[in-house]
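Pasting a structure here, questions to come.
Chain naming follows the written order as A, B, C and D, and within any one chain the residues start at number 1.
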């Protein structure tokens, strides 16, 4: 069986800034490979250290996403799977910035304080895809260091429930701006379908990011990305889930951060119980001893925590009937044939 | 130069249940290796699945710690270093439990709700040190699985500032019950000295724990532990710091969880700035892209987050003048001679 | 000058369930009196103690609002004022309920826990407008007590910024479901205008509610309500503000609750500084000693705090050039002529 | 029966800075009137606007309390009642300040940020007890305003459980620095007894304070205070409770602020259920509609919320067998005879 491959390269005017409230740019059958491009979170407007985002960007035209992509047959109650085959920076540079009243170590509009904003500053990274690194240059001195490339998407999600239209900078039960480094090539993301077609969008590529995305932005880059999109009937998770070759992951996006933690752990406990036939307390115990709990972001309108379980504890149990392995195989075939 | 080695094996009546307010059991010179034993967090009273902690344990006699150990010459403003050489379970079993109104996915005395408590349940793990595993047995079914041993101490700290006496189950700026799996053999922990002698205590050994310690307890075990204790004059950190061969780590213990995150990241940004000669914004940027942010505990009276920086970004810079490497060397000599 | 009075009585099919994303039902000139009706938060479907909301209501068709009402000339950057002239229960009964996983003393979908939901229960209150009371009947016993009527609207707001469409059950910078008892007759509410016409909607009438709306719902009632709608050019507040004869009030809606508190206090400090010609620190001091800080709701998707300053400290200074007094006068004329 | 009256006027060297860990200064029989004096939270060291607290005060010698006072016969499991008869400023001035990294609208050591501290500033109030006012003078301009005196104690409590010694600046289940304006003359406070004698201490007098104590300090003053101390066998509340002529009040002190809210509401629901013979859900409903929820402090190491129920809903039910009324009567006799 041949793989269906389609391409989605939106014009600037076609970029979206929200999840929900918009017709699909593309409709695909389950199992389709989509080759797409995404702009960086600044819409490409921050190109030098003098391009302060508060000057060159205009709210709410931040964090553009590519999409939506409708999946044929997706109905509320289903899950859509987005498997990341490849995420590749499009330029030989990337940028990161502070932004007034945004970030974890600054007064914000919600953690409101009487301080003046921290200084706005832009860092421009050199990106060397061949070498697999991006280079940090200090602005206040001569220090430089290479950091490994680990390309990922900060923002992936579907149209929200209740007909809401949510800015692309917000994460939630629909996915969105979760900003977890786990959203890298090789990972499958599962989202609940809230509207017919699911309406998947993605953007906010990062050459890499630390956990927590402390200063508010990552190493932001336009990306050339390949995903496989699939459908799992009747399997809607309450919150986005991820699967890599090594881990099952549940996400939670909320404030305060302990509620994001609770959501993610609660979902992982339920998922584990279902896969292993455990009661809730046994799964609670097992996750408590075997799980990992890294921060996604602690800066966005909701904070994101990730709950990770090593698949070694699962034995032969597989999530969603082994779809991750099948998507990995599809990806391998696609890459071999490309 | 020979290594000074002393032993501390407290009688049950000598165990402490708090940090502060108590005379040292032992006074050592900086650089001394201390071989010690610790009881588990239940005081050894939970031995079978029928030993419910609410029946066999009596508040406040929970989470006993071994100590305090005074360090000669330690004065307020200094740092003490506790390097973990070896942490070894003392028994071939360990236990974990839920506990009424304690844990991340239950109503508690502070996250107060109208629900009845979740059921109290004990899990008894088989511990096989030679094989390096502990075995989980489900209580509600037949499922079993082996998990890797990764022994660590949940509770390590010093006498608090301001003459406070703080229950050993609380984490804070003095350390205490941080419950991070990073506190394993090979790690050096740095604490601020608040009183003459620092008064180090430790306990709450875990055969392993997941990040977040979701259900409230880990795989709890009595331990035979070896540490090297050292002194760094005038170098008091604001909050406990850790160093492994690969990472610098700052901790923060507070509620809500985002404040624990902020504390840990703020400290790591300052530490990084100092080591690399960066200004605060450059260090903020570097940590934002290179750092990790796992949860310690999200169940204790304060929650603990850990901020980790790979030492690869440090180049030739070393923390505290390279003390971690020297303590590693001491540990290696001790282990070779043992 | 005569007062312009218009009436808005939406058909059930005209009710809205969100702020944003919808054409106005009515367009009025600034200064217009609007007589309108609102349905209760259950859409009128909970009429007896046997009508459990999880059975008779269907998500997302909860908390219907009447509107939107467009205000001629309102542009982004302006403020609209909504002065409450009269709020009168339409029926001689009202209801309140618990609802699964909703409320302050229960596990919720975000404060996720392993507990089963608390029981769902309906209370039906007798409402006696002439006597000014509503009567509580215990469900688990014979206890009854009369509580004073204090009619108010839980939900009042405008179309959100950034083209978002937000469920009517969420409060935010656009207002919405703030659930503060301060939103009673005699109060003027000020909202930022985010879209042309502002697009005011309101609903969720309460015969009364306690501060915090602890169990998740108030004494819910359909209302016959009269408001005066006005426009203040160029005066957009960052967050909704309220004014009564006695107090200036700022609101903040966020999680955790301390961020809602910070937002509200930060806004009140800035407002006070502006009105009295104080610098920020002097206003901070004055608000700290003179202000009140009651909870609005601690149950909705965002929590709401109110920061109140007695107008006695203002001397002759008035907010927005005395518009509250003028709207009070309009209301008095309307009531006299009705 | 004559009233027993004793006096407690500690020397500066006798002041305490913690709850717990200290022998009583005074032992009294239940029912005794205690006339005592308290120093202000700065130990009297801030006397002019040039006395910056960071210079004239030395950590941890902040917030001195008078006591402890042992109550004869008080045993763990009992409640002690502290009825405030009179609270009178001792001087004709009082002070308030900002303090570096302390307050609700500033970065703090736990809400850690990269901002420099806000400026430290002192305000000196004129206090006129006869006129019943204190006068605010702006520091950055000429504005002045009189605020009503409403004297109260920010800090009242007992020795903590588990042999802890807790700084007097922390509030908790033992009371301490709750900083609620409800702690005024006419109020009875109830505390759980954790150690024999209860060991009551109090201090931190305020000429008045706003709810939330936003800037971190109130109008701080040394006080001449009269209390009646009493004992209620076997009636230990989980958290401090207050009673005025008009309201029952439960307190909760925790972070985040919603947990302080939950604790206070949970306690008030249970208290109401017990007094009226309601089941928990009926009491939850009644408190939800009838209750008030003002902030105490949102600045201390724990935040404090107060849950208030009007006594009008209680009918003939009285708390603790009517002890508040009896203490009011004792106070009236004392004042008549003084």
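Going forward, a contact is a pair of C-beta atoms (placed from the backbone, for glycine too) under 8 Å apart; a residue touches a chain by one contact, two chains touch by 3 or more.
What you are looking at is a predicted structure, and each value in this text was computed from that prediction instead of being measured.
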| item | value |
| --- | --- |
| Farthest chain relative to subunit B (centres taken as mean CA coordinates) | C |
| Higher-contact pair (C-beta pairs counted), A-D versus B-D | B-D |
| Centroid spacing, where centroids are CA-atom means, of subunit A and subunit D in whole angstrom | 48 |
| Distance between the centres, which are taken as Cα means, of subunit D and subunit C, whole angstrom | 33 |
| CA centroid of subunit B to CA centroid of subunit D, Å | 35 |
| Of all residues in subunit D, the ones touching two or more other chains | 105, 111-114, 118, 255-256, 262, 265-266, 269, 281, 284 |
| Residue numbers on subunit C that touch subunit A, as the complex places them | 17-18, 20-21, 59-60, 109-114, 161-167, 238, 252, 254-256, 259, 262-263, 265-267, 269, 280-281, 284 |
| Interface residues, subunit B side, partner subunit A - complex | 96, 98, 103-105, 118-119, 121, 123, 136, 138-141, 143, 145, 147, 208-219, 255-258, 261-262, 265-266, 269, 276-279, 281-282, 284-295, 298, 303, 305, 307, 313, 315 |
| Residue ranges of subunit A touching subunit D (in the complex, touch as defined) | 105-107, 111-116, 118, 256, 258 |
